[in-house]
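Across the two complexes that follow, chain A remains constant while its partner is chain B and subsequently chain C.
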Partner chain A sequence: MTNLEKYNKVFQVILKKEGEELKELRYRGVPEWDSMGHMNLVGELEEKFDIMLDTPDMLAFSSYEKGKEILKKYGVEIEKEDA
Partner chain B sequence: MEYEELLKQEPFGVSQKEKEVWFYNYFTELTAYHKEHCPAYAKLLSALQVPEAFSSMSQIPMMPVSAFKDMKLRSVEEEDVFKVITSSGTTGKKVSEIYLDEETAANQQKTLVRIMEEVIGKRRIPMLIADSPEVLQDRNMFSARGAGILGFSIVSSRHQYAFNKDMNLDVKGIEAFLEKYKNGPILVFGFTYMIWKYFYGALKESEKKLSIPNGIMIHGGGWKKLQAQAVSMEDFKKGIQEVSEIKQVYDYYGMAEQTGCIYLECEYGHLHASTYSDILIRNMQDFSVCEIGTEGTIQVLSPMARSYPGHSILTEDQGILLGIDDCPCGKKGKYFKVTGRMQHAEVRGCSDTYEG
Partner chain C sequence: MYFFEEQVLDKDRIYLRSEKEGSVTYGELDCFCKEMGTHMEKRTLVFLLCQNTAGSVLGYIACLRNRVVPLLLDCKMDYNMLKDLICHYEPDYVFAPKGHQGYSPDERTQLVYEAYGYNLYDISKETETKLNEDLALLLTTSGSTGSPKLVRQSYENIQSNAESIVEYLELNEKERPISTLPMNYTYGLSIINSHTLCGATILLTEHTMFEHEFWEYFKAEEATSFGGVPFTYEMLKRIQFFHMDLPSLRTMTQAGGKLSRALQKEFALYAIKAGVKFVIMYGQTEATARMSWLPPECVLEKAGSIGISIPGGAFSIVDGELVYEGKNVTLGYAKCKEDLAKKDERHGVLYTGDLARKDEDGFYYITGRKKRFLKILGSRVNLDEIEQILKGRYKDVCFACTGVDDRLDIFVEKGAGLCSEEIVDFISKKIKMNDGVLQVRQIDSIPLNHSGKIHYRELEEM
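Showing the complex of A and B:
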């Protein structure tokens, strides 16, 4: 599985969103992604990629796209999607 | 300066004088904002003949906390409401409803994180929650207890609930959790009374001891029930250390009506206002501001209340201002203690639920 697939899979499992919906996802943008959803989402990503985010990064994780940038700081490169 | 800018300031490093300059301007603007966006609030201010301009912080109008139980007060459109926080409070069955939009909810979280950095740093640490997982059942209308747990869990990495759904201590679960994370700090969070009754109480009774020497306990919700059992703050700390080896035990004062900007206890047992909120103590005879050392009713001021007109609230709690900028712990700003609830506010039934 590529990192992108792993990344998407976590969003699908935790927030029950997939495909095109993913790119538009923002923290607090959908009922599922509230503070509890956020904890679960980040917790699951941390487990899958074996990393641990600092609190400021946890708060900065404000969207699907932003999350990719943050994971990069922790050495996790999410592949670009094919156009 | 925007609220975001204020959050960049040190949580306990701004002197009262500096803070008040900023607060005065911000609160003047915020009061005008709520008047414009919340018709019920505007009506109330005009009925009370509140002047348009204020010459000091103490003139900013305050809403009695009960107003949030009697009225639906919001300064955003209904479709922008992201979450409603409810609090049962102590004045009977009516429930406060606090309307949060995305921005206010986000600011509450950021504020709590900044204040907690003082105790645990920027690193997220494992958290033992002195509650039952049941408390978070309904995510849309969660209770003050659920809101507290969710709020604090943002500074944590892994979670373990200390009680099962019948409020029995899950010793096995806790011990497995401690075994896994014993080498670093562990946040132990819960409501004061619940910790005393279901954590300390259960351990004491079963003569079981937990070993959490790296534990940092943060507890809130008030001393009322413990005072009734004649348990002092010292008894509490001693008891906790005895059954769990936790040495760092800090109380906090806060309320659902101003979630996020908590008042954290220091090692000298004083509650501190952070850079991001403030208190005034009021004499209820004439609403004048009490001097240091004089007991009165606590007014809480939070600049982050933008989606609802709760930036200045007169609580039903009593307290004493202990000093300003000079606590031996080194924190700037006001420090105080909470001495109790306003007497007439109490209408208690016998249906003692788990509510803190």
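Showing the complex of A and C:
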């Protein structure tokens, strides 16, 4: 499984979003991604990628796309999607 | 004098600081209330779609001051639930944020006033709204299931509770609480009420503690206090709140369910070190908001206790159940529009439904609940109601719900062949709860006791 697939899978499991819905996904933008959703999402990503996010990064994790940039800092490179 | 009435103080004092709309002074509040009052008939019903912005708070105070009764609802509430409630209670007006997706006017409604990003719609109807003269305010009981059951609060209820809170928290005009809870939730509203009473400045933000913007605003505006439900404190721990530098913070309050022993201790120790008051409290919408508080100096010694009754209130224990007496005990419930004319049905006495004990120093401890409900994110969820909702959707299937606070377990028999994810999806949408709090457990058979009733204790141990 690629990192992108793993990343998307976490969003699908925790927030029930997939495919085209992901790109525009933002914290507080959908009912599923509320504070509890955020806590679970970050927890699941930490587990799946075996990392631990710092507070500033957890607070900056405001969207699906932003999350990819943040994970990069932890050595997790999310592959670009095929155009 | 009531807290929502015009106060004799410096009119240039700042009442609200809103991240979106800037400052609103107490003088501007007075002007707004007068103006909005000219567009509403007295003793009518308004649906107020709430958010943590200036328009929402001003609209609420204007309703109280003009003796118009608001029902406070979450502005993000499901549109169909809102429509059902409108049919059920037939409000005279709706006060909603501009461009609100859920509420769009039809031929019966007319936009009569706009200010601070809110629109006031007049809904013409044939029948006259009949309201009891003491009725000030309506709140939902759970906030999430769209149930039409409301709590009826009187002017005396909200005033006495606000006075009591100001007294035990020693609030004054220097306070600057920051919004962390929805204002349609009784705990969030009690913060607005008590701080309006003491002439403080309320900081309003729509951002949550999981966003940088919240903390930047907190620091820039020098917030002095916030309130939180147990989940709020879990969030705070997760984002390493203990390492933040917040010199303006003076008070943290906690209510809406029981905080775990471990978290309570951690926050208590932090509070001592940081010179902050950490106040654990207990309440219900049926008691306006607050019934007890744990004086902060006792928080370690009396860990797990809800403390003592608030000034003006008194507890007793009747057959194991905690009973509260005080002026903040609300009038009763409303289930239909005719009930809005009902008189006080409780006469100052509330059977809380919580089981309790008292220690030798007079501190109270909640030991269990008489009825089967959980608190999820501070809101009450009735387990029997969830079972009914499930049975309504899946005919002839047996369900049993149990759980602990912030986690609801739904048991279903494997033989029914239902998909767990589908059940989670259905219930989380129905009760407007994040599905992370739900867990479906497929079991061979639901255990029954000898009288044929569900054996919940056995399920809890599975």
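The rule we apply is simple: the second predicted complex is superposed on the first by the 83 of 83 C-alpha atoms of A that agree within 3 Å, B and C clash if a C-alpha of one lies under 4 Å from a C-alpha of the other, contacts with A are read in each partner's own complex, and residues count from 1 in each chain.
As a working rule, a contact is a pair of C-beta atoms (placed from the backbone, for glycine too) under 8 Å apart; a residue touches a chain by one contact, two chains touch by 3 or more.
No experiment lies behind these values; they were computed from the predicted model shown.
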Simultaneous placement of chain C and chain B on chain A, clash or fit: clash
Considering only the touch criterion stated at the top, classify A:16 as touching first (chain B), second (chain C), both, or neither. second
If you stack the two complexes on chain A, which partner ends up touching A:52: first (chain B), second (chain C), both, or neither? first
Kindly classify A:40 by the partners it touches after superposition: chain B alone (first), chain C alone (second), both, or neither? second
So, A:60: does it touch chain B (first), chain C (second), both, or neither? second
Residue by residue on chain A, keep only those touching chain B in one complex and chain C in the other, then list them. 27-28, 31, 34-36, 38-39, 55-56, 58-59
Provide the residue numbers of chain C that touch chain A in the complex, in ascending order. 76, 208-212, 215, 231, 234-235, 238-240, 243, 377, 425, 432, 434-437
Which chain B residues qualify as touching chain A in the complex? 82-83, 102, 105-106, 109-110, 113, 117, 122-124, 136, 139-140, 150-151, 153-155, 157-159
What residues on chain A touch chain C, complex-wise? 14, 16, 27-28, 31-32, 34-40, 55-56, 58-60, 62
Spell out the residues on chain A that touch chain B in their complex, using ranges where they run on. 27-28, 31, 34-36, 38-39, 43, 46, 52-56, 58-59
